[in-house]
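Right, one structure below, let's go through it.
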């Protein structure tokens, strides 16, 4: 069973990506550290625009500004069928455009990561089972370059962390509680 | 706000009385009450007759828009698997159709009739709060344009008029569509609320002396009851939409499944929605109760039971909202209670139906177009009523709800009890509105086309419902037995639309070259027919004194009290004045100084519209401008105006 | 099941086929007859009243004379009394029917969990033994003559579950579990449809109940419990395509595809329709649906793919093995 899974994953990733995406996470540049699952899971799902999401804003994309990671992300965007719903260049089809308008579920790198990893209501499936974290981060990197090119307001984690400043301790507590509620509604 | 500024000076004043002659006091009152001609006067007027006519015309415009939307939907549904419309288009159309008809036509058109007629029926020179009256209209107009603005740019509300969450939440409906509806309806709620408050105070304080509450026309009972209901029900829906807006735009969790409660929306909405349904039929039932007797040549049978049943309907109407939620999985014990309440509410309706029928049987009916509309309404009301009884039975409703049976039911209720009386009322009161008679000959064509078209278009919907066709589907497959009935429905609705068109043609012809109407063309009994058609700006040259329910039939009926005086009464001609009377017995007790024409209401309406547009776009600078306009309008509104104290009561004696 | 019984008007509920619906149907007929009688009486009263009274007024030469106010009240009291009797009878009958259909007459044969999705039905056959639990979609097989308990949930927005010939509606509400039950007394296929407006494809959200004799039902259940057969020969290519293009949303038990956003396709070919009754599950239907779902069900959550013609053939060849 696990063998089959690994085999099929290999087919899916390598064949579809025309051999240009390699499974090795370090080839896409040198990420400082990939944020842990626990950190990422503390980002509340579905925070609306304009809400302070300081947990998310403090998590930086490990591939921030890495052109090669962005290029690989673009490959993945085609190979993993993202284009079926989000269109070529993420310009939108039955799924929302990801290159020119507001983010429905938040535009910080970590929020985009969670949208891909866990899926969102209305048809976005969870890719966490299919893609390793570094590949999701590369997709995030690609989407960030699209947003930056269009002047779309996207926040890089590092910038936001600097802006966040003094009141983080208090807000961090609130966010942690909210994240807890969001993840365990019962 | 404007009425009731009775000073010690006014308390001490004893109004002069006078007998009306052609020279006096008409010309003088005309000067005092006349609205300035031109755009300035048009924007500033607070004359209830002008506002009433505007309400009716605007409501008819929305009726036509809603009707065109319905016809487009019927083209799509005329046969199986038709794809004239995309699902998005269909969803916006049925939503706009519902909210146009319910919010922008059915209630405002009745406000229009009542606005025009109330002071004339009650023997007053205007509504208690003329400026609030103007504000109510301008805000209604602004809300209507606001709600349609989204639709015009392809971002119309698309979750039905009932707007259930979570589909109306941001997760499943991320566009601006639902925000347009939410804010538009809160804006409309302001209009409804100030209008309702005005009706309540007008009823209680401005009736002619002697018009005790057992002598007022039933129409005023209907509108009064509806207004009280609105004051209690509208806060529920305004709150619901405000909370929804907070959910959508500020990340609150009132209605989502994660921490909120989707069913809360349904309770808040129907606690408003069901009383509202009665609020948009009770005044129309009142129109039948007042209009039918004029053509039956006798007073309404059972005035007191009918008046009481009007109030009883509304009281019970607040206890039946759960019958919209029988399938939501509430416990059986609660369903039994609401089933019982929903069945019992039939009793007051039965009172009205048998009172009207008895009025025909004890009268000598004269057939006019207005009479045909009023009398046919009895039958349509009963059809809509018995289908309502069926849906009131919870187990039966598990099958009927959300099928075309309910569509049939609600159209029999809303068209049968609102549109038919309104058109009857239009034929009946058109001479009073305009001074011209509508053509009776074209009127017969109008009536029969509408009556046949309506029943052809809507009766088969019952069968479609019983054959299982769900509501709000943009298409359906062949082979389920729905095809033929849907075709008949589409053809019938087209015929019905032609009938409405004939009415408009009749109005257009009549305005151009209709027969000039006398003061009382139908030889009717109530006070509005005692003044010229159309009435002068001041309504009554002197304040009449009332001694019976039928002031114009006194002396010609076997058993009524007499003693009403219409040509001889208080003068009240020191500026715009009318008489304030006590709440129950209408004993005169103060002089109400009425406001002059002013731009404050239209300015406040504009300010509110800008404020809400700013909120919709989250453009807070725009909202700030709107708030500033509102503040300026309120300052203008409350600016102390010149008093009439130094004016002589009359130029001569 | 092509020759199975199905009501002539599949969605009509004036004739029903099980003890959950039958008492309600009796009450519905009762109220219809009562309603028609009331309509007939009032219509006759109004029309006859106008005709008779006009004639008499004309005969007496009193066309425009005005009558007195007194009299006629007895019309109201008699009318209200008759109405009240009819209403009380309706209420008693209503409460009696509610009591009768409130719970199943015998112990339920099985418990289903049905979840409404935009725009299809997820059907989970529950069991205390996890090995006896399985998931399917849109077609609900039940044993004939035995009540079935149904737990209803909403995955996204509110839907309403309705099989008119077997049971009235119950809403599926996110965050809540509603209970209902049904029983079919005659083998056959009973159509149903979502009846709470739930968005763009509310119109294409049918469900089918397939009532089978107990032995046939048990055979079907055993088949559903099996994972998909391991593909062999040319269909392995199709399986690869499936995992690559479909697997993140769809599950095929026994394979590598484990997505949960769309229906479980482990036994796709045991179902008669695709996309909740939108398309017949034939080879051409399947190909057309996969090639461009948005043309058949605009707004559906399944995107069009960019598979080539041969690839589409390979994919459907694999799907046809999912019996």
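Labels A, B and C are assigned to the chains in the order they are written; within every chain, residues are numbered from 1.
Following the convention adopted for this analysis, a residue touches a chain if its C-beta (ideal position, glycine included) is under 8 Å from a C-beta of that chain, and two chains touch if they have at least 3 such contacts.
Keep in mind that what you see is a predicted model, and the values were worked out from it rather than measured.
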Chain pair with the higher count of C-beta pairs in contact (A-B, A-C): A-C
Most central chain, Cα average position: B
Chain A and chain C: spacing of chain centres that average the CA atoms, whole Å: 39
Chain A and chain B: spacing of chain centres that average the CA atoms, whole Å: 53
Residue numbers of chain C (touch at least two other chains): 118, 156, 299
Of all residues in chain A, the ones touching two or more other chains: 121-122
Junction residues of chain B - those touching two or more other chains: 172, 258
Partner chain C, residues of chain A touching it in the complex: 4-5, 7-9, 11-12, 15-16, 80-81, 83-85, 93-95, 119, 121-127, 129-130
Residues of chain A defined as touching chain B within the complex: 46-48, 50-51, 96, 104, 121-122, 181-182, 185
Chain C residues touching chain A - in the complex, by the definition given at the top: 118, 156, 240, 243-245, 247-249, 255-256, 258-261, 294, 299, 301, 303-306
Chain A-touching residues of chain B, taken from the complex the two chains share: 170-172, 174, 248-251, 258-259
Contact footprint of chain B on chain C as seen in their complex: 8-14, 21, 23-24, 27-28, 31-32, 34-35, 38-39, 42-43, 45-46, 49-50, 52-54, 56-57, 62-73, 75-76, 78-80, 83-84, 87, 90-91, 93-95, 97-99, 101-102, 118, 152, 154, 156-158, 160, 162, 164, 167-171, 173-176, 178-179, 191, 193-203, 277, 298-299
